[in-house]
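Order as written gives the chain letters A, B, C and D; numbering starts at 1 within each chain.
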Amino acid sequence: MTLVWTALAALGVLAVLGVPLARRATGRWVVYGGSLLACLVLLWAGLAALDAPPETLVLPVGLPWTGAHLRLDALSGAFLVLIGVGGAGASLFAIGYGRHEHAPARVLPFYPAFLAGMALVVLADDAFTFLFAWELMSLASWALVMADHAPDATARAGFVYLVMATFSGLALLLAFGLLAGAQGGYVFAQMRAAHPAPWIAGLAFALALVGTGAKAGLVPLQVWLPLAHPAAPSHVSALMSGVMTKVAVYGFLRIVFDLLGAPLWWQAVLVLLLGGITAVYGVLQAVMQRDLKRLLACSTIENIGIVFVAIGLAMAFRANGIAAGAALALTAALFHCLNHTLFKSLLFQVSGAVLVATGTRDLERLGGLIHRLPVTAVAALVGCAAIAALPPLNGFASEWLIFQAVLLRPDLPQWGLKLMLPVDGALLALAAALAAACFVRAYGIVFLGRPRSEAAAAAHEVDRISRAAMLVFAALCALAGLFPGLVVDALAPVVQPFAGGRMPVQGGEDWLTLVPVDAARGTYNGLLVGVFILASAALTAAVVHRLGSRALRRAPAWDCGFPDPRPDTQYSGDSFAQPLRRVFGTLAFHAQERVDMPRPGDMRAAVIEKSARDPVWDLLYAPVGTLVARVSDAMNVLQFLTIRRYLGFVFAMLIVLLLALTVMQ
Amino acid sequence: MIPALLVQFAQMMLVLALAPLLTGVVRKVKARLQRRRGASVLQPYRDLRRLLGKDVVLAENASWLFRVAPYAIFAATWVAAALVPTFATGLIFSWTGDLIVITALLGGARFALALAGMDVGTSFGGLGASREVMIASLAEPAMLMLVFCVAIVAGSTQLSSIAAHMLTQPVGLRVSLALALVALCIVAVAENGRVPVDNPATHLELTMVHEAMVLEYSGRHLAMIELAAALKLLLFASLIGCLFFPFGLAHAGTDPAGYLLAIGLWLVKLLVLAALLGTLELSIAKMRVFRVPNFLGAAFMFGLLGVLLLFVSRGM
Amino acid sequence: MHGLSFDIAHMLAGSLVLVSFLMLYQVRLTALLHALALHALVLAASVAWQAHIQDAPHLYVTAALALGFKAALIPWALRRIVFRLGIHREIETVGGIGLTMLAGMALVALSLQVMLPVTAMEDPVAREDVALALSVVLIGLLMMVTRRNAVSQVVGFLSLENGIILAATGARGMPLVVEISVAFSVLIAFIVVGIFLFRIRERFDTVDVGALDAFRGGRA
Amino acid sequence: MTDPVVLVLLIPLLAAALLVAVPRYRLGAALNAAACLGTFAASIGLLVQRPATGAYLLVDDLNVVFVVLNGFVAATTSLFSASYVGHELAIGRLTARHLRFYHAMFQLMLFGMNLALVANNIGLMWVAVELATLTTVLMVGLYRTPEALEAAWKYFILGSVGIALALFGTILVYLAARPVVGEGLDAMVWTTLLAHAQDFDAPLLDIAFVFLLLGYGTKVGLVPLHAWLPDAHAEGPTPISAVLSGLLLNVALYALLRFKMLLAVNPLALAPGPLMIALGLLSVIFAGLMLYRRRDIKRLFAYSSIEHMGIIVFAFGLAGPIGNFAGLLQMTMHSLTKSAIFFSVGHVAQVKGTQRIGEIGGLTETHPLLGWGLVAGVAAIVGLPPFGVFAAEFLVVTSAFALHPVLAVGLVVGLLLAFGALLLRLTQVAFGPVRGGTAAGLGPLRMAHLPMFAHLALVLIAGIWLPPPLVAWFQHVAELLR
């Protein structure tokens, strides 16, 4: 605990130091290097806390007469690990990447504060500290989003982001207000002890879902995410997508599983529904994006959906007292959180590298980078394969566990769950397939083919440190995929208290096979699959080269006989997405295409116009906005009345109150 | 231990050896039904040998990925095929992956193929890749759905246990299983790029999907890809066999004679399926690309329907 | 404390309310100013009477103030303003004299109704004094709200404030009454001077709503 | 002459008299600042040495909070005002004659407010509040522009009516007290009133409270009595806006609280809580909506003051130890933060040469100190950690939600509305493309950021750690308030 505390303090100091150091070149090294160390410390502490008794600490700050309660138990430990890993990676990458920031003064002070805020959320053990850290996290990340504040898009992004963040904060505030009760038991221990009435618990659950969902990016509260995450500097985007959303997930788990006690089945249905919708919605948006970082942000929404589906499964099993299932689902959820942190951080670092190398995030201006950025390309390939849930990488391992959880118990008593589980299975399958399509597109357009702009053609590989960071994360993705059993075992003590059970011990299995429930139901061994693929590929290659010819000639591309040297004849991102747009987009987003083909002899260029609307925005946010605008317009008259009218108000008020008095007596 | 290893090895070699033959048989059937003599069933082998002998002509801006992809595709498909109990259950390595893993492996192969298609940066490569992922984005969920179906019935995703369960327990005729079978057939057609989804024989630019992606390939690379395609076909055929017609599968540790019998039965199944496929391909025309989603969507719906039925029918 | 003195006090207070109604009834500024003077006169009388019966000599100051300042000086000053600024003489009212009269009645009823449950006073008469004072205040406010001319609004404020002074003096033995009345006189002086300085002709505001939008819309 | 109370009152009075005579503005500003610092020191002295409660003056835990706050904000404001008026003089918006008047009035206003705070006699309190009002009226009109004159006039008229109503209420309180306490001075001494309030005539107290609520509520700026507030803030000199928001509203609120305590003692009287809660909620939501159409930056923050006064009144309406504590905390934090914001806004308006939000942009680029100061101030005022307002709003919302969920939801909606509006304008002003002048500003401007950052630092510290003695003190006051 003291270790964590020192790390937090160090981050605070760094945040203060960031202001004066921003001018010097060394500032980058100090701040990011320091954050790197602090994150490693947090990582270490989190690992240590996984199977240690909870430690608590009360500081005489924060809310008077309660003080700031901190607690480091297994759950906090697990998420502290996430923060440590993600933060360390981002900091390492930033040491190199930070060189290209044009306004370090707008980033350096807030970056450590952001990290500290996230760590503090995970450690908080009373409502005040929790919300304090929660809002601090939002505020710091908002400042980072506003780092490049010139474009209007950023202003809008920052606005929507902070408003939604505050909305989530207020929702949680109300939730805690309910749980704390009239005499203000703000400490989590008191909330655990107090067993609220069912309707209070239900209301608190709903508020918690709204509050944490708005921060995690759960549909329909996700609108801010595709705006804010891309706007920030890439290493910050990595943190926001990879880590902050997980902190929101932590908040949900903490409130629902820990403070509220055992969840109810209808709550599970709600979570499953939202999760499934979120997963598919997010990936569908991602497929159609044209901005690389926006695409990644949308896929974050998808992964959050997947995580919430897993959590929903855990709630469903817990509500029916099926310990094994709950343990399986909860483990899967946490595992997927970890995996998403890994590959999303990696991919955002890649996007940062691409941005530095070419100066653009627009798919239509990229291409052929595999020749210019070989190392980045390799890392990116691993990341894309991982997020597309391909064996033997980590993304597949966790999604496989989730599928196993879906298949585990078809005989749940409640009808809502009976219908929800298979539907969610289908939605997950759809999301997985679409994610693969999405990242084929992303990788293929960005790294393969021929460059679509001079910038892309003249790109240069990024600096050594950034490359190192990306390679480390690629390696982590591979490792987590090859040895999932170890992760599962490590997560067991986290899951134990909330699921009422744990997954079977994986360490004992030969070849570290992953066994969700028992060997007869289905097993998966990432290591062996990986080895087999490698071995057979190498073997075949060797055999082919020995038996068949090994000669190789270079020649112009064949392309069915009429190759065209111009790069814009190749498939563009939009044209790649077109079939998917037509198939899914027409339904989900009213996607439309209008082709304007000039008549023969007419010399003007043919034009294709695409349009897609976001139903969530149109149905939910636009009306609220217009309502507020209308009302404030209508009320604005009150600014311009004559004094006589204002006196009229006073007079009327007086009369009303006097009348009220007479009526009362 | 040793015999088990031998069986596993035999299976891997067998699928490898028989895959081209199956393709050849299908072609032969189609030729016959068209009143043609057609090439010999061994033609695919000859093609492969010729391809292996030829030089590779590589497009100028092809990257390393373009050269690695064929082996990766082949390896993934092969491993997947090795996991399917073709003639014997309880293979020694069957526990390394279940049905979901097999689906994912095929997905991986497709991932690599689509990327390879985009690598050279021609219009056709991109076209093929984008259509491929569009088809896959519906075919894979459909596949998973029917996997769920079978898995719930058998209480396991492990192919060996499923087959064993189907053999031993009186499953009876279940609606959801029938639905799953239909779905599997549709998926198989789509995955292997057969009519009506795609035509392996065509080189008409606007209709091709798979061929468009491999347009730039030549020599040994092309051979690898062709072989992988053949393996895939065999895999699906054996999958249908072991999931829905599991009779005659040998258990782990029976005597060699039992194994031989099982192999024979398996060959019979393959022949029947090949004949069916050939007739199917001749009896219908290829559909427009944008009608394929409805076709596959139907499969997806069938699978989902089956799973729903199972969920609802269980435990009440 | 014999009844007569109270009856007189009561009579004076009542007549103050009557004069308030008289002011509500006026349609011409000059007449209104005369009514105002009368109002102040009655106030002065009642204050003096209070000073007499409470034998509180300092109240005579207030009475004198009312007499000299409000009954004479202010009406005269307002008259000057009316002539100087050439303000036209009839009073624009919101919704007719009759209506405001009715509203005034209602207000009197209300104030009596409000004061009814009050039991703090030694005798009901004093309570009704307060009730009357309250009604004078309310009528004054009503006048400010329903009259459009600046001057007539000032007059409304004056009558309102007379009502308050009435209540203050009626409250036996209340300290600081003189100071308060002086402070109020200062306030009124400010207002009158303000009207004169700012050339506030028709409306209490410098301009009407539309013009407001015009030159402040930008800064809203 | 060692009695701090006397000093608190005398220093401003004498300073006022002196400043009328001082011709040169530098000297005047210096004297002004010195006097304010002296007053502040004296108010600190009140903490250690309390005078005996007399018939006219009273110093107890409650009003010491206000007096000290008053002294501090006045002192910092006088520092800010020194640089501010320097600039105004330089660009010729004000003349030396104006400034003489201005400084004198400043001190007179402080005298009025302090007197209102330490008065033990409700009549005296009333006179003091009127004095403070009149002086501020004169200062609001200082610029002599049509807008300024109109604002002053509006303020003056509405204020006068408010004063009149308050006086009527005061008289009624006296009438209610007289039978119990007896005629004469005692019936207006607050301490005596409090002692006997339980056997006052309840109906009369109710009527009195209605008048007092409207009277002093006008000064507090509660909707729908708020009309004067935005214009007065927008058109007057910025130091006055700071003082208005930071102090005068508090003084009026303080008067209201005193009478609320009287009612709270009396079992038969109506509970003032619900009334205050209703008005507070109305103010919060109304201000939240009005904020969206503001184009003048000072008027914007004036409306935010209305919103915060609403929150504070809401909190005091909730009463109870938590509610009152939250109210006090919110009030203190609001005074500090809002005045800091006005300090920043004042300089912004000077360097950019305009108050129109549309013509100001990219402040963090051109004037980093000012810009980030403004960002921090707004972050604080909308109740984001690590600033003190967050703690207060946390307490208000949670305690309200436990008592009346619906009201709390209403409050939250209002908060969110106001948050959105302020954030929208902040992004417009502090970020985005640079609009408006990029002049580095005048010499004294650099030093002039001191008050702003001093306030922000205090608010920051309070948000992280409240000193235990302060907490204990506030809790005691919360007890006093019931």
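Note that contacts are C-beta pairs under 8 Å (C-beta built on N, C-alpha and C of every residue); 3 or more make two chains touch, one makes a residue touch a chain.
Fair warning: this is a prediction, and the values are worked out from it, not measured in the lab.
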item	value
Chains most often in contact, by C-beta pairs	A-B
Where chain A and chain D are represented by their mean Cα positions, the distance between them in whole Å	44
Chain centre separation (chain C, chain D; CA means) in Å	31
Centroid spacing, where centroids are CA-atom means, of chain B and chain D in whole angstrom	78
Cα-centroid distance, chain B relative to chain C, in whole angstrom	99
Shared-contact residues (touching 2 or more other chains) in chain C	114, 117, 141, 144, 204-205, 216, 220
In chain D, residues with contacts to at least two other chains	153-154, 157, 161, 203, 207, 293
Complete list of chain pairs which touch one another	A-B, A-C, A-D, C-D
Chain D residues within the chain C interface of the complex	121, 123-124, 126-127, 130, 134, 146-147, 149-150, 153-154, 156-157, 160-161, 163-164, 167-168, 171-172, 174-176, 178-179, 183-185, 187-188, 200-201, 203-204, 207, 234, 293-296, 299, 355-356
Chain A - residues contacting chain D, complex	60-65, 105-106, 127-128, 131-133, 135-136, 138-139, 146, 149-150, 152, 154-155, 158-159, 162-163, 166-167, 170, 173-174, 176-178, 180-182, 184, 186, 628-629, 631-633, 635-636, 638-639, 641, 643, 646-647, 649-650, 653-654, 657-658, 661, 664-665
Chain A residues touching chain C - in the complex, by the definition given at the top	636, 639-644, 647-648, 650-651, 654-655, 658-659, 661-662, 665
Residues of chain D defined as touching chain A within the complex	153-154, 157-158, 161-162, 165, 203, 206-207, 210-211, 213-214, 218, 224-225, 227-228, 230, 270, 286, 289-293, 322, 362, 364, 368, 379, 382, 384-386, 390-391, 394-395, 397-403, 408-409, 412, 415-417, 419-420, 423-424, 427-428, 431-433, 464-466, 468, 471
Touching residues (chain side chain C, partner chain A) in the complex	107, 110-111, 113-114, 117, 138, 141-142, 144-145, 148, 153, 203-205, 208-209, 212-213, 216-217, 220
